[in-house]
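Listed next: structures, encoded as C-alpha cells.
Paired with chain B in one complex and with chain C in the other, chain A is shared by the two complexes that follow.
Let's turn to the complex of A and B:
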C-alpha cells in the first residue's frame, strides 16, 4: 500500500472560515484522517511538524511580508498547492483595501477552490480526487447553470444586481434559490462579461458606482482587468 | 385518427385517476414560473401557461445523473432505472417536437440506453396553447403535432377535443370511458376556428426559407461577434432549450480514493471550456464563435444531419435571456445582410 499523502493546511490573512469548513465536515473527518497523514493544521491540533508535503491547502490573501514568507515556504515544500477560499483565489475582500493579493500573484497555484466560504461538497470532492491521484475537476460554469437547473426565475432579468452570470458556479445557486441576488462571493467565472452585465444593470437604472461596488466586491482583480474597459 | 371529447369539468378527475398506477407529471406553479413537477392530489395543475422554465427534456436527460458506479474488484455496476409507467401531461406542441428531435439524437443510430429507458416508460399527453410575443412555432412548422404523443387535448372552451395517438393512449380512454363523450360536428367546427384564430396571434416570425444555406454563407459575418458583445455566456438559453442536449462526463470519486460514479451533467457550447482540448487549444475561444456554434447547430447542422431544424420555436432562449438577445432578430439580420450583398 502506498504511503498516505502528507497534508498541510495553512491560513494567511483571512477569517479562517475556509479552514473551518473542513473542521465542520464532521461526518467525513474520520474517513479523511484515516486516508491522509495530516501534518500541519494549526486550527485543529497543536503539534504541527513542518516538512515535505504532498498537498498544501492555503487560505487567505497575501497582505504582509509574513504572509509571503509563509506562502513561499509552503510552496517550496509542497508537491501540489491548492488555494482555498475567494481571498486566496482572487484576493477577495482584502483586495479592496489595495493590499491583499491572491496567491497566484506570488507562486504557482495548482488548483483553486473559491467561495466565501468554500462549499463543503467541493472540498470533499477535491480531497477524494487527490486521493485517487487526480487533480480535481474544474467547475467552469457560472452560477446560472445550477440556478437554471433549479428553475429559478432570473433575478438579473427581474432588475436586481445579480452577479450569477459573472460568478463561478459550484454552490448550487445557494442565494438565488432563496430569492437573494448572487453577491459573487465565489469570485469570477472563467468567462465573465462585465461589460454586458454593466450595460444591463445601467439599463435597469443602477449607477456605475452601485454596479462597481457589487461586481468588484469579491473579484476586484478580475473586474479591473475586464470590466473597466468600456465607459 | 380517432378523436373523443373530454368535458373540461372531468379533467381533474381524469388526472386523479391517471395518478393511480402511474407517476404523473403536470405543469405547476413554482415561484414566479411554471414547472413540470410530480402530481399529488393537492397539486394546482396549470392548464393555461406559456412555457415552463425547463422543457420536458429534464425527465429524459436529467440535468445530472450517475451512469454507473465503479469499485476496485467489483467492476462497473450500471445504475438501475425505474420502470414505473410515467405520464407527462400538458406538453405543448413545441415541446413534443422537442422530444422528437431528442429521439433523433439519442435513439437513432447509436442508442443511448439511459435516455431510451426513460423514454420507453413515458406516455405523453399534449395540450394546446396560444402564443405570446416570444413564440414562433408556426414559423418552424412545430405548432401542430400528428404523432409522438399518446393523447393530445385541444382546449375548445367547455370541452377538450382529444386526439388519440397510440394504443396505450386509447387504453387510457377505454379505462375511463365514463369521463369521455363522442365528438360532435360543432366541436370539429370549433377546432377549425381555434386553429385559424391561433395562427393570427403570432407576433414573432422567422423566415426559415434557405436559412441553413444563408447561415453557411455567413460564417464570417461580423454579426456574430457584434451580438456576442451582449452575451453573458451564462448558458441559460441552452438549459432552457428543448433540444440542446450537450452534456459533459466526469467521475465523482469517494473518499476511499478508489470507488465512485461516472456522471454526466448538462453543459453549454457557450461556455469557454466547451471546445477546449488536451494541450490547451480552444477551437472557439471567442464568445462570438460560441454563439455562432449554438445558432449554426440549431438552424444549419441539424438540417444537414437530420433534415429538420433543431429549433422548435418555443421562444425560451429569447424569453429567458437577461441580455435581451432575440434569436429571431439575429437570424433576420443575417438574412438582411446577405440579400444586400447579393443585390449589390
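Let's turn to the complex of A and C:
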C-alpha cells in the first residue's frame, strides 16, 4: 500500500457507534490521522474531497434508497471495503425490525469487523494490518473460548441465556467477565454449534422461542440460514 | 428568491440537510430535514421481554447511549416496581457524568471549536493547536474511562442491570479514575480562559423558550420529576404527553415539538438558563468567565454552556469518587424482580437535552407500548426558528457566509440525528399508541 493510503469513513443508517469507536481512540487518533490521507469523514470533518479510495470503512445498515446510493458509490471508488459494526455486517437491530439489510446483500464486502460497537483493539489491529499492506486476520473463535481462557464462571451452566458459544469473539468476553450474559451483540461466530447450545439452553428450561428470539436480536440473518437447526 | 441548501451537514452525528429560502432580507422558509433512515426501535421492542429493553433501546444512539440505557432501566424499574438502592443511583449518576464529559468534550473540541478557530475539523486544528487538542482528547478519554469502569463499555453499557450492576468497581480503580478526573479539571482552567477569549457571532433574536427537568434536590443535575419551561410552565414528567405537542413533519424523518405552537430549546443552554444559579465551585466560575448572557437570545451560546457543564461534570464526578473512597461500596444482592404489568415514564437530562422514555408491560413483562422522545427531535422547531433569526440578521451576507453561519448554528445544537428519527414511521403506520 502507498505511504499514505486514502481512507474514507462512512455511516449509513446507524447509531454512529462504530465511527465513534474510532474517534474514541484518543491516544492513537492523531497518529492515525498522520499515517493516512483522510478523504472523507463527514461526522468529524467538513471539506471532504472524496475521490478514489484505498480503504473505505462503512458503518450501518442499508435502510433507504440514499443508503444504497452511498454504498454503491463508495464501493465503486474503493479498493477495499470494510464493514464495521454488527449493523453493517449482519443488519443488526434494523434487520430485526425488517427495515435494514447488511452491506453484503448489496455489494462485495472485503472484510468485516463485527461488534455493537466494534472493539477498539480489533479496529486498531485492522488499521495496522492495512497500513502494512495486509488484510486483517479474521477471528474464528466464539466469545465462549475467550471466557473460558479468562476462567469466568459459566453463566450458561448457571442457567442464563448466554449467547457466548455462538457469538463471534474479539471482545475478550467483555460481558460474562462482568457477570452479565452475552447478548450476542457481535453477531454469529464462524461455524457455531447451534444444536449443542440449544440443547444446553433447553436443559435449563428455556423454550426454543426464547432462545431464538435472543439470538435473532443482533444477527437474525445468520440464524435464518440455519433456522431449522436453531429451531 | 435565494435558496441556500446544505445537503449533508458535517460534524454532526447522523444525516441532516438544511434548506433556507431568502427573499431579499427576509427569511421566507427554513426546513431542517433529518433524513437518517428509520430504524423502528419502538416497533422492535413491542412484545419483547422487559429484560431486553435497555440493550435494544440504547442502540438508538452511540454518543448518548449511556443515557438511553440508564433511562430505560429506570423506566422499567418504575413500571415493575423494582427498588433501586441509593448506591446504584450514585453510580448511575457517575456513569451519566462520564457520558457528559465524553459527549460535551467531543462536541465542544472536535465538532464546534473548529468553527470558532476557522478549521475544517480537529485534524487540521491539531496542526496549529496541538496542546489544546491533546488536552481535549485526554478529557474525552477520561469521560470514556468513567463509562468503561461503571458501564463496562464506553458505548452501549453492559454492566448496568435492574437495581444494580454486574460488577462493582474496586477502590483502586476509583482512586485511579479520580486522579484522571482531577487532571482534567486542572486542564479545563486554561481551556476556559482560551474559550472566554473567543467571540460568538451575535444576531437579533427573541428570548428563547427553554425546557429542562428540574434537578432533584438543591443542586445542579440531570435527574428529576418535573418538566420546567422558562416562561413558568411546569408539569410532572408522567404528564409529558400534554406538557408539549408533537406533530409529524412533511419533510423530515423526525417529529416537531412545540408548546402552544411555540418552539422551545433543550440542552446545555436550557439547563444553564433555568438552573445555572445552582452551580457552585469552578463551574460557577466558568459560567461567569464565559459570560453567557442569561436569559439567552442566541442559541450559538449552547457551545459555551456545554463548557460550563463539562467543568460541572468533572467536579461532581470527583465528588462522587471521594464519597465512594470514603464510604466504600457494598456488594448488595440484586433486587428480586416480580414480573407484573405496569407502566413507567422517566425523563432525564442528556448532553443534548431532555430524553423521555415510556414503556408499558403486560402480566408477563412483555412490552405493549413504547414511546421515546429524544432531545434532537425536541430541538428541531427551535433550530428552524433560530435559523430564521440568524438569517434575518445577516441577510446582506454572501451565500457562502450565510451557509457557514447556518451550518454553525445547527451544529451549536449538537444534533444527534440518529436519535431523532426512530419514531415517525411507527406512528404513521398506527402500530401502537402509548395510552
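As a working rule, the second predicted complex is superposed on the first by the 223 of 231 C-alpha atoms of A that agree within 3 Å, B and C clash if a C-alpha of one lies under 4 Å from a C-alpha of the other, contacts with A are read in each partner's own complex, and residues count from 1 in each chain.
Please note the rule applied: contacts are C-beta pairs under 8 Å (C-beta built on N, C-alpha and C of every residue); 3 or more make two chains touch, one makes a residue touch a chain.
All of these numbers come straight from a predicted model, not from anything done at the bench.
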*Could you tell me if A:152 is touching chain B, chain C, both of them or neither one (first, second, both, neither)?*
first
*Looking at the overlay, what does A:200 touch: chain B (first), chain C (second), both, or neither?*
first
*Tell me which partner A:131 touches in the superposition: chain B (first), chain C (second), both or neither.*
first
*asked:* According to the stated criteria, A:35 is in contact with first (chain B), second (chain C), both, or neither; which is it?
replied: first
*asked:* Going by the contact rule set out at the top, does A:164 touch chain B (first), chain C (second), both, or neither?
replied: first
_Is A:174 touching anything from chain B or chain C once the two structures are fitted on A? First, second, both or neither._
second
*Based on the superposed arrangement, let me know which partner A:15 touches: chain B (first), chain C (second), both, or neither?*
second
*Looking at chain A, which partner touches more of its residues: chain C or chain B?*
C
*asked:* From the superposed pair, tell me which chain A residues show up as contacts to chain B and also as contacts to chain C.
replied: 179
*Could you please specify the touching residues of chain A with respect to chain C in the complex?*
11-18, 20-21, 23-24, 26-27, 29-30, 33, 38, 41-48, 61, 63-64, 66-67, 92-94, 96-100, 116-117, 174-175, 177-180, 183, 185, 213-214, 217
_chain C to chain A touching residues, read off their complex_ = 8, 10-15, 35-41, 43-44, 48, 52, 55-56, 59-63, 65, 102, 106, 110-111, 114, 120-123, 126, 130, 133-134, 137-138, 140-141, 144, 152-156, 158-159, 161, 165-167, 407, 418
*For chain B, which residues are in contact with chain A within the complex?*
30-33, 35, 53-54, 63-64, 229-236, 239-240, 250, 252-258, 260, 266-268, 271-273, 287, 320-324
*chain A residues touching chain B - in the complex, by the definition given at the top*: 28, 31-32, 35, 124-125, 127-134, 137-138, 140-142, 144-145, 148-149, 151-154, 156-157, 164-166, 179, 190-191, 193, 195-197, 199-200
